[in-house]
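So, here's a batch of structures to check.
Each of the next two complexes has subunit A plus one other chain: subunit B in the first, subunit C in the second.
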Partner chain A sequence: MFACEKSINGETDVLTLSRVTRRYGANTALDGVDLVVPDNTYMALLGASGAGKTTLLRLIAGFEEPDQGEIAIHGERIDGQPPHLRDIGFVFQNFALFPHLTVAQNVEFGLRHRARAPITDDAEIRARAEAALELVGLAGFGHRGVGAISGGQRQRVALARTLVCEPRIVLLDEPLGALDANLRARMCDELRAIRERLKVSFLHVTGSETEALTMGDEVAVLAGGRIVQSDAPEMLFTAPRNAAAARHLNAWNIFPAGLCAGGAAQGEIAVRFDQIDVSPPGAVPDGRPHLAAQYLTGEFNGPTALSFFRAEDGTLLQVVDHLSTPRLPELTEGARYDLHFAPDAARQFHGAA
Partner chain B sequence: MTALSTETPSRPAAAASPAALRARKDRNRALALLSPGLIWMALFMVLPMCMVVYVSFWTQTTFSVEPSLTTASWQRFLGSSTYLAAIGTTLRIWAIVLVATVAIGYPVALFIGLFVRNKTVQTALLVACVIPFWTSFLIRVIAWRPMLGTEGAINMILMKLGIISHPLEFLLFSEFSVLVGMTQIYCVFMVGPITFMLGRIEPSVIEAARDLGASFGTIFRRIILPLSLPGVMVGAIFVSVMVLGEFATAASLSGRKVNLLGNIIVSQVGSLKWAFAAVAGVVLTVIITAVIALALRLVDLRKEM
Partner chain C sequence: MQSRALRPVLATYTALFLLFLYGPMIVLAILSFQGPEGGPQFPIQEWSVYWYKHLLGFAGTSRVSQLPVGDSLLRSIALAFMTTVVSTVLGVMSAEAFRTRFKGSGPAFYLIILGMMVPGVLVGLGMALLSNTLGLSRAWWSTSFVLHVVYTYPFAFLVMLAIFNRFDRSVEEASLSLGVSPAQTFRRVTFPIIFPGVLSAMLFSFTLSYDEFARTLFTAGRALTLPLAIYGTFSVEIHPNIFAFGVLTTLFSFTLLVVYGLLMKRFTARAARFHGQEES
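So, the complex of A and B:
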């Protein structure tokens, strides 16, 4: 019953943003964002806090309007339309449940009170709300007050309340941010499963690269007010197209190419944490680009260990070592080492990042 | 170096556990915090209230009361159409002022609490609402005379504009002027609590309702109004308590045409009719208690605050 209408006449993109710009006074929060969310896709939007992720969602939902650019759903422009006529689902970070209503009344709100085509048949409303609660695993919770349920359950109510209206796309604003780690992992799986059942596109905003890579069929990186890359997770992780994208993955060392002996001399180089090897000064195998750095300290994280180095220009470099396949020598704090990597492990970026 | 001792300091077996000691300390502190208020209330509220009820049964002579019990004052009060009419007038004026303060105060509170999202501006606007209170009560009331009088500002303007040819007589020294005066004075006590409740509504809750397709009218009816009702109730209790006990506005703006229970008490005390004033006082207290009880029944404040 939740099946979204199939894409119209072979059109495969639900949401299209072109050159969307939003300014607050002298601050430019979004500077010409181009983003395409395909039909039936879990899209993750990764960005640092303050990057304008929430602003982007608010523009799509219609709580704010862009200064420039166009927002379209199935090719039909929606910017300028009032939010309650846009038919877009928004799941708030703080859930934003109606505190004076029960769980069931929260879920029924949209069906009962929407301006466009409200449902008047009480039995149908109740049946659909109950089905939505069942979908999110809260069957039988309808009579409870929203103050009497846990954080994870509130998250589910917020989701059910949005999904029951069968929106054209669901926007999730850091939906897991308010949950504890255990719950977050479980909700991740469930969100994906629910979306796959409904076949509606989700646009999930997050500041956590793990969350974005785990959840997204596609991940877009928002930095400096723009989408710097939008790709499948494996593609993005292994081949970021620019330094900004690489920086957000928290897995790449980015340093000026000039630091490195035996490599290119200009632009910036990025090497993944797990693809750098360490050896005592002067013991670098032939043919591997290398740079000198001082060992600062190590951090033990369980299955992996992270070592921190400082390069000559002050850049902080990280090296990941896996407990099962250790490849680093014994390290002394304050001592100097050579860091080296395979020539094809490095990605080189030109121009400003 | 001294070795660290792992033994707990020995204690007599009979001594109370730390938890019991802590509980006793908390109890003592609560008692210490409560007692000034309790003593004050007992001495200056409960005791005088009992005294008023007692005095209402005393025997009234022309200039004094004697503590010989009689129901004469009660019979006179309940048998007189003048005094029963005063109860009616008090209740009517209370109801109208209550409705007027809600009707005028709610939109103001809606604006300050919901549409002004800047806390500083919010505070500034609330302070602006209390600016009239920087003058004395009497000045605020009497200031209505040059506004509402036959030669007053409103009549002058209406006549100059040619809307009326004779001054409107009902504006001043009438029930109307009492209603205007009271509404103006007590409106702010309605605005405050409603603003507070509206300010506590998460903006995202309203946005969520909007996102679910509800128009502003629906959101107001289904979300904003229910969430602000406790504020309306608290405001209603404030306004009710003050309006029901009012006498000064009626005394200075009604031209003695409006007699509230408060005015009766004042005039009876003025003529040393203590027993009779006590009867009116008891009646007024019963009415106020009933109104508050009713208001508290309508909204469960404990749940909402």
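So, the complex of A and C:
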């Protein structure tokens, strides 16, 4: 349903997936995925583990074939083509460097041995590999063995090896998953910067909503085998279009609308963690929808504090309080409170996503 | 505490076990330096290298006829070499095929493995009968060769299967995604990584074929392989020249092992770097 969205500024779309379906026996991993990756875009694909993110990338790269649907690059259909003719870069979660080659040989590999238009001029290969290593901040590391460098450096080699071939789009399969937290933050910035310099589209798969929102110019959410929403990060975060998308952002309470007093709405309601206020029972300001809940416990996370409540029907609700601007009263574990929110803070979803 | 008492005991046990294992070989090696008048047993009459000279034809006239190993040795080496090449290629190819489950892969697996399980005398006899029925003449390079491949191919196959079992497919996919064709990917990525395994498969095939007896006995025809030729001399009379020959072939095997070890060392040095990648 999002495939028909026009991309902004008249830019062309690089990658188009329409109704792509992939089944494993009785399991349907992907169930009619529609996805558009515009030109010159950092696209993040957010999904829980097991949602089929990696499967989707493998279908695009051609390591597996879809059971139904079409995959096209610049309008030209590529499903059914062998992977080595698709001209799509792939950065693996485990980096998948060639263990028997040096860093430079890894980077030169594609230029030297590819089936289409291999480069035979040794000097040119070396110059381009060196330039690619410089781009990822590894100038002068060429002679090292890939076992003699750190995890972050391997990640960069994997990236340089892919980028040097100038693919039409680069697929990144949880590229930061194998790195520690500090390194991850730094690689985030560098990935964005590198992409901006090269102006090639990245499709970055991740299970972390923070990573997706930070990295993506656009974020697509994959749930239940479909893309449930594809939007700019701010749009997605502030206005998820359905419960499935909201659930993946880890910032929204989702509960049946019937729980709220003072609102006869149907379906499900979502309210962001930071837009719920807490009052003692009966002290809710006028005009604000509210629901009763029991305070369970709190969790201190540094700049923010999370409070957990259980509503009458057992739904777990979370409220975020920022240390600098506290707005919650003193809370006693096990006591009952009224949770309330501004009427326009709630998003209402009808039916199942 | 416990290990302090246990260690010397285990060490002695191991030493005795090794002695038991290599005892016969040591006895043969000692007896090979028997004097010209001595027999194939103790005591040593006189220390000499006479039987080595005899073996190589430098001993002049002798009451003992020269060991007829020259041609059979060449035959055995040629046969082992042919077997090694064919078995290893087949082993690599079929193990590669078994990386994906295909229809009938279960039965195919057991049919391949059967080749090393069935008694050698039986398949040897069976092959002899078959070739008689079909009117084919038996020879070391035809009927024996086929049986040697049937016998050694499962070993090569199993070695390669174990290697591919630990093989990380994503490096091949990485190569494909760089635009490198499947054939080039095999040549430039897969093969260099599995090469230590290929080397092991070759070593297995060569040594198994080189001293194969039962399967060759009925199928070699007129021209004998080395194990058959040596066995043939036993039935007449045993002289120490056989021991001298045993020592020389053992040295040859050791040379093969050393070459294997050196090649292996070179490649595991690279594999060690690879493991570093997995850990961090």
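Remarks
Rule of thumb we're sticking to: the second predicted complex is superposed on the first by the 341 of 353 C-alpha atoms of A that agree within 3 Å, B and C clash if a C-alpha of one lies under 4 Å from a C-alpha of the other, contacts with A are read in each partner's own complex, and residues count from 1 in each chain.
The rule we apply is simple: contacts are C-beta pairs under 8 Å (C-beta built on N, C-alpha and C of every residue); 3 or more make two chains touch, one makes a residue touch a chain.
Computed from a predicted structure; not experimentally measured.
When both complexes are superposed on subunit A, subunit B and subunit C clash. Applying the stated contact rule after C-alpha superposition, one finds that A:165 touches each of subunit B and subunit C. Once the two complexes are laid over each other on the shared chain, residue contacts for A:84 go to subunit B and to subunit C alike.
By the touch criterion defined above, A:71 reaches neither subunit B nor subunit C. Contacts of A:228 after superposition on the shared chain: neither subunit B nor subunit C is touched. After overlaying the two complexes on the shared chain, residue contacts for A:151 are found with subunit C alone; subunit B is out of touch. Considering which of subunit B and subunit C touches more of subunit A, the answer is C.
Of the residues of subunit A, those at positions 61, 63, 83-85, 87-90, 92, 94, 96-100, 109-110, 113-116, 158, 161-162, 165 touch subunit B in one of the two structures and subunit C in the other. Considering their complex, residues 61, 63, 83-85, 87-90, 92, 94, 96-100, 109-110, 113-116, 118, 158, 161-162, 165 of subunit A touch subunit B. On the side of subunit A, the complex with subunit C involves touching residues 61-63, 82-90, 92, 94-100, 109-110, 113-116, 145-148, 150-151, 154, 158, 161-162, 165, 167.
Across the interface of their complex, subunit A is touched by residues 202, 204-205, 207-215, 218, 222-223, 226-227 of subunit B. By the touch rule above, subunit C contacts subunit A in their complex via residues 168, 170-171, 173-182, 184-185, 188-189, 192-193, 270-277, 280.
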